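Each of the two complexes below includes chain A, the first together with chain B, the second together with chain C.
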Partner chain A sequence: MNTKKISDGIWYLLLAGALVLPFIPGGIENTFHGHVLTMVFLYASMAQAWNIISGYCGQTSFGHAVFFGIGAYGAAMAVVQFNSLPWYGAPVGALVAALVSIPISAPCFRLKGHYFAIATFAIVEIFNRLFMIWDWVGGAIGLDYPILEDGWRNFSWSSDKTGYYLGALFLFALVFGVVRWIDSHRMGYYLRAVREGQETAESLGVNSSLVKLSAMALSAGLAGLCGAFFAQYNYRVDPPMVMSLDMSMKFVLITILGGLGTFWGPLLGAAVLIPLQEYTRAYLAHLGSGVDLIIFGLIIIYTMIRQPTGIMGLIRGLAPRGRDASNDGGDR
Partner chain B sequence: MLRKIAFTVVLCVLGALLLTGVAVAEDKVIKIGALFPLTGPSAVSGQNCLNSVLAAAELINGAYEGFDVPLAATEGLLGGYKVEIIKADHQGKPDVAKSEAERLYNQEGVFAVIGSYNSAATKPASAVAERAKKLFLCGASSSAALTEREYKYFFRHAPTDAIEATEFTDYITYLNEKKGAGIKTLGLIYENTEFGKHAADEGKKAAAKIGLEVVADVPFNNGATNLSSEVQTLKAANPDAVFGAALGGDYSLWVRTMKQVNWLPKIAINFCTGYQNPAVQKELAGDGDYFMGGMSFSPELAKEFMPEALKVQEKFYFPLANQEFDSDSLQEAVMLLVLGQAIEKAGELDTEKVREILATETFVSPLSLSGEVAFEPGGQNIKALSVITQIKDLKYNTIYPEKFKNAEPVYPMAPWDNR
Partner chain C sequence: MPPPFFREVERIMNHFLQVLFDGLLNGLVYALVAAGLSMIWGVMDVINFAHGEFLMVGMYVSYWIGFFLDVDPLFSWIASGAFLFIMGAATYRLIIRNSLGKSAMAPLLATFGLSMVLKNFCMNRFTPNFRLLSGTVLEGKTISVGGAILSVPQLATAAFALVLLACLYWMLKRTRLGWAIQATAMDSEAAELMGIRTENIYLLVFGIGGACVGITGGLMTSYLAVYPEVGSLFSLIAFVVVALGGFGSIPGALLAAIIIGLVESFTGFYVAAVVKYAAVFAVYLAVILIRPKGLFGW
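Right after this comes the complex of A and B.
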């Protein structure tokens, strides 16, 4: 059995298991573990969206918090400012995020390597300041959700996390499903070709500018959808919550920890990092002085020193030699 | 084999006993969540607030004589229930505050949550409580918007930014009329957050009412490392008065930057900010002198009007925090004492009954400047009072209103080169 079939098997098994979980008593309901699992799926989806442009296409972006934020504002504006439903705001936000990403990234794509990354850093700060002073979107005060009726219509629940969990699972299936599709189609080869050598790819007829812009728009749109979920989950959005370097670093950190440019990396990174973050805070924060954050930081440093290629690198290291790795989801 | 079975049985019995013991112990415990920024930019204030709540819990749990404070003389609540404080850290982040509030209510099973210092964190955390019909008591968060949401389960002790802003402009009117101060223009410098923006907006509204012209409106990002351009903007506009809203380290940075550029307005009045933190003032040493601020507690004020607060500070708070109360931290303790009184009046741990009592009754509160606490619909404490103080030699002298005044204001502020 080759790795593609194994990967497919794991994928479908994972989705089936995750779908069944809420129907097991005590599985999700109103538990802290339900919250953690929801966050794992959300952050895995965010990281996978980032992985499209940065992992598969090799353009390291630190600006994804902007697109995530636009998506979050899309849902929140629909609910708070227009007294409408998030179902209208979320796709509009994602679309706006995708559209905004094109004029932003087009000039930045002229830069290469570290210079591209630095330019995207600046974009986060620009948008953060802009939203801070833009009163129509709440400015520094942000947008607070009113108390909404529970249910799918408002995508809001107060006493049971099952709805949010299923929402995050759907988002996860959508984002990872898109990447699986890309991975096995022509677009995936284009992305990897641009990543491995832009000039070489162009010499073979690949329009690298179009490939990079398409990948960025897709990545930004999916990040925007994740942002919409984030706003719904937290009943609030303000610029520091969503359009911050702190948020951008989460996209990067999770993917690098799991394995950059790999299909499973974002999920593995989120599955390690998010529970670590949530449980250390929940059970160690009472000790005071940020013991939870110190332990959290030390574990990340240790992991990165011991295994710079991320958890996927660790798994590959454990796999028997000579295994068929030719069709491993385009992993580096 | 028999030995293994016996060992297993003993383990099971011990486990059962342990669990029963825990259950019995839990039966006599009232869990209260304390949700504050224990790490992050507001960590110092958050730790002070937590210590204050812990001090109030200790006062409730023991029987102490010589304190004219409700619940001090009796041991625990409802005839022996101990208050157990479950600590949680929201890091100053609204999303973390929301998930920690959920964890406190759902996993830890707390009866109520006290917090959360940062208004932006208090909003989503209290929304969790409102949705779940659980109590949320807020000591220090001052954004007026918090009590404009018509929530039923949210109660807040602190005076709002709107109340403070009106008091500031009343004081300016007093200075202009009684002292001929000639204050005509106003500058605002504030952190660009829920708290700072609200405070500035209320400041502008209050200024408009007395015809004070706003000539500088300067927001900055909290946790800033440099405020030179912001202070230069203020200096260029040269307002007669400045309203400030900067927490902790931002406050000391602002004051030090004013010294660097060698500029001061005639008066500078601060919302509940780093100004009222004694640790920040110690760090500033003499540079903090002559600044003013709204406060509802200072050791000097307490000597005359809140003597019990000083006793509580000495016996319970100082051993935990190794410093004096400040307005913010003390108000968190007050909210636990008010909640304790409401539980006692209800006679049982019924959220609806306790909520009803909180919403309708007046509570004796020797740790509050007004001596009483009562909430209007929406949860604002209608008895909330604050005074304007001016700091000199690390002492907060009360300069307004007349009723509480213990010193004459030094006006205008002494220039930097004449201190």
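Right after this comes the complex of A and C.
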């Protein structure tokens, strides 16, 4: 049995298990655990979308809140401003996010190291301020959803949140499915080649600019879809909520904690950080505000000092080495 | 009585002067905040993400000293500077040294974690309320320069920043310690072979970087309210100033900070207060795309 088969097995088992869960009595219906699981799938999808450009392709972007925000505004604008359905707004938002990502990242790719990182911070701040003063999208007040009929048509549920759970699971299956496909096809090799050495990749005939831009557009589009779900789930959108540096950092931290540039990393990172954050927020509330974020910060510091390769690095360190000849040592 | 036309011209000129001076004074303060970051970046190629939170801690130190012991910010900056020197050095010893070289992003993200801890600790202990010291020596004093009215506390902070920047520059260029720091920045292995204890240099640079923001924060409490989020914006502006000036360059940081201060005050007054930071970051992006390593970068 090689790692590919094991990985396939885990993937289908996980999807099947997650799909069956809401139909088991007392599974997730109306519980806090249901909310936490929904958030795990959402943040895992966001982190995986970010992982395409930053993990596989090696361009660490701190600007994904912009694309996430555009997607969120896409869904919210369709519902609030056009009295239409989020099903039209979400793809439009994702497409706009992908299109916007190309002109803003093309010049930034020329910058190296920290200069690239700071340029992407600056882009988040610029978009944040522009949306603050743009009245058509609600300005600083943001967009508040009207009361809508429950169901898949409006993608909104007020009491039974199983629909949101299934939506997040679908998003998760889509984003992770896309990355699984890329990972084992030509594009995945291009991405990793550019990450490991742009000049070498180019000398072998890889068009590195095209690879980076298409990875960025795909990553931005998927981040936009996650944003649309976020808007539907929270029933409102405003600039600090979706287009802030803190939101950008969530993409980064979850992936890095799980394992940068690995398929399972984003899921593991989300599966650890999100429940931790939600449960500490709920159970340590009596200690005052901010305790959950203090713990979050301490975990990040500790991880960066002890285990910068994340949970995947920890697992790989535990696995026995060199005994299994069929172990192809792939990225999974 | 001058004719109305001249009064109108005078009014416009006064506004212009006022905006110009505001931008200059803010720019000088930004320069000192950024100088510490720039040194750390230049010597170690590390971005200290908690830099703005260091500023916030410096402000709280000076605020509580003023509140409980009734010491004016004109003197308590010494305590803030000393406190942040120790905090900077401790950050290096406990966090940076252990995350250096493991991955490119590790020190940046570790200091981001530190910034979350500091910000939320202050939020938890001191509440999110805005706190402003009252009854300070310079409170409310203003002087008028050619029709523009300048606040004395802000002027004093800016003047102090300029003096301190000059000292820092002199130290880097003229003393043996400064040469050792520059040598470490250029090639740490070679510097080590020449007998420079690079480990101590790193510790010192982090300490000095902390002290710079500590002193600025200590002085700023005389005219700016303290609250847990106060550092966030200064962090971002400091990053932009350093990247715009070119890393490790004190004159670059000074020039970039003044540009940023002026862009901020002019767009804030003549366009709209909300867009001033959008303009600051747009100017930064425009410059960085033409000169990818900043104005004074190599």
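Just so we're on the same page, the second predicted complex is superposed on the first by the 322 of 332 C-alpha atoms of A that agree within 3 Å, B and C clash if a C-alpha of one lies under 4 Å from a C-alpha of the other, contacts with A are read in each partner's own complex, and residues count from 1 in each chain.
Note that in this section a contact is a pair of C-beta atoms (placed from the backbone, for glycine too) under 8 Å apart; a residue touches a chain by one contact, two chains touch by 3 or more.
None of these values were measured; they are calculated from a predicted model.
After overlaying the two complexes on the shared chain, residue contacts for A:M132 are found with chain B and with chain C alike. Of the two partner chains placed by superposition, only chain C is touched by A:I300; chain B is not.
Between chain B and chain C, C touches the greater number of residues of chain A. When the two complexes are overlaid on their common chain A, residue A:H35 makes contact with chain B while staying clear of chain C. When the two structures are aligned on the shared chain, A:L253 is found in touch with chain C, with no touch to chain B. By the document's definition of touching, of the two partners only chain C reaches A:P308; chain B does not.
Of the two partner chains, neither chain B nor chain C is touched by A:G317. In the superposed model, A:G17 lies in contact with neither chain B nor chain C. Chain A uses residues 132-133, 140, 288-290, 293 to touch chain B in one structure and chain C in the other. Put simply, chain B touches chain A in their complex at residues 38-39, 43, 47, 50, 86-89, 91, 93-96, 98-100, 102-103, 106-107, 120, 123-124, 127-128, 130-132, 145, 192-194, 196-198, 219.
Within the complex, the chain A residues that touch chain C are 60, 107, 110-115, 117-119, 121-123, 125-126, 129-130, 132-133, 140, 245, 249, 252-253, 256, 260, 287-291, 293-294, 296-301, 304-305, 308-309. Those residues of chain C lying in contact with chain A across their complex are 41, 45, 47, 95, 98-99, 102-110, 112-117, 119-121, 123-124, 128, 232, 236, 239-240, 243, 247, 272, 274-275, 277-278, 281-282, 284-285, 288-289, 292-294. Of all residues in chain A, those touching chain B in their complex are 30-32, 35, 132-133, 139-142, 144-145, 147, 158-159, 230, 233-236, 238, 240-241, 278, 281-282, 285-286, 288-290, 292-293.
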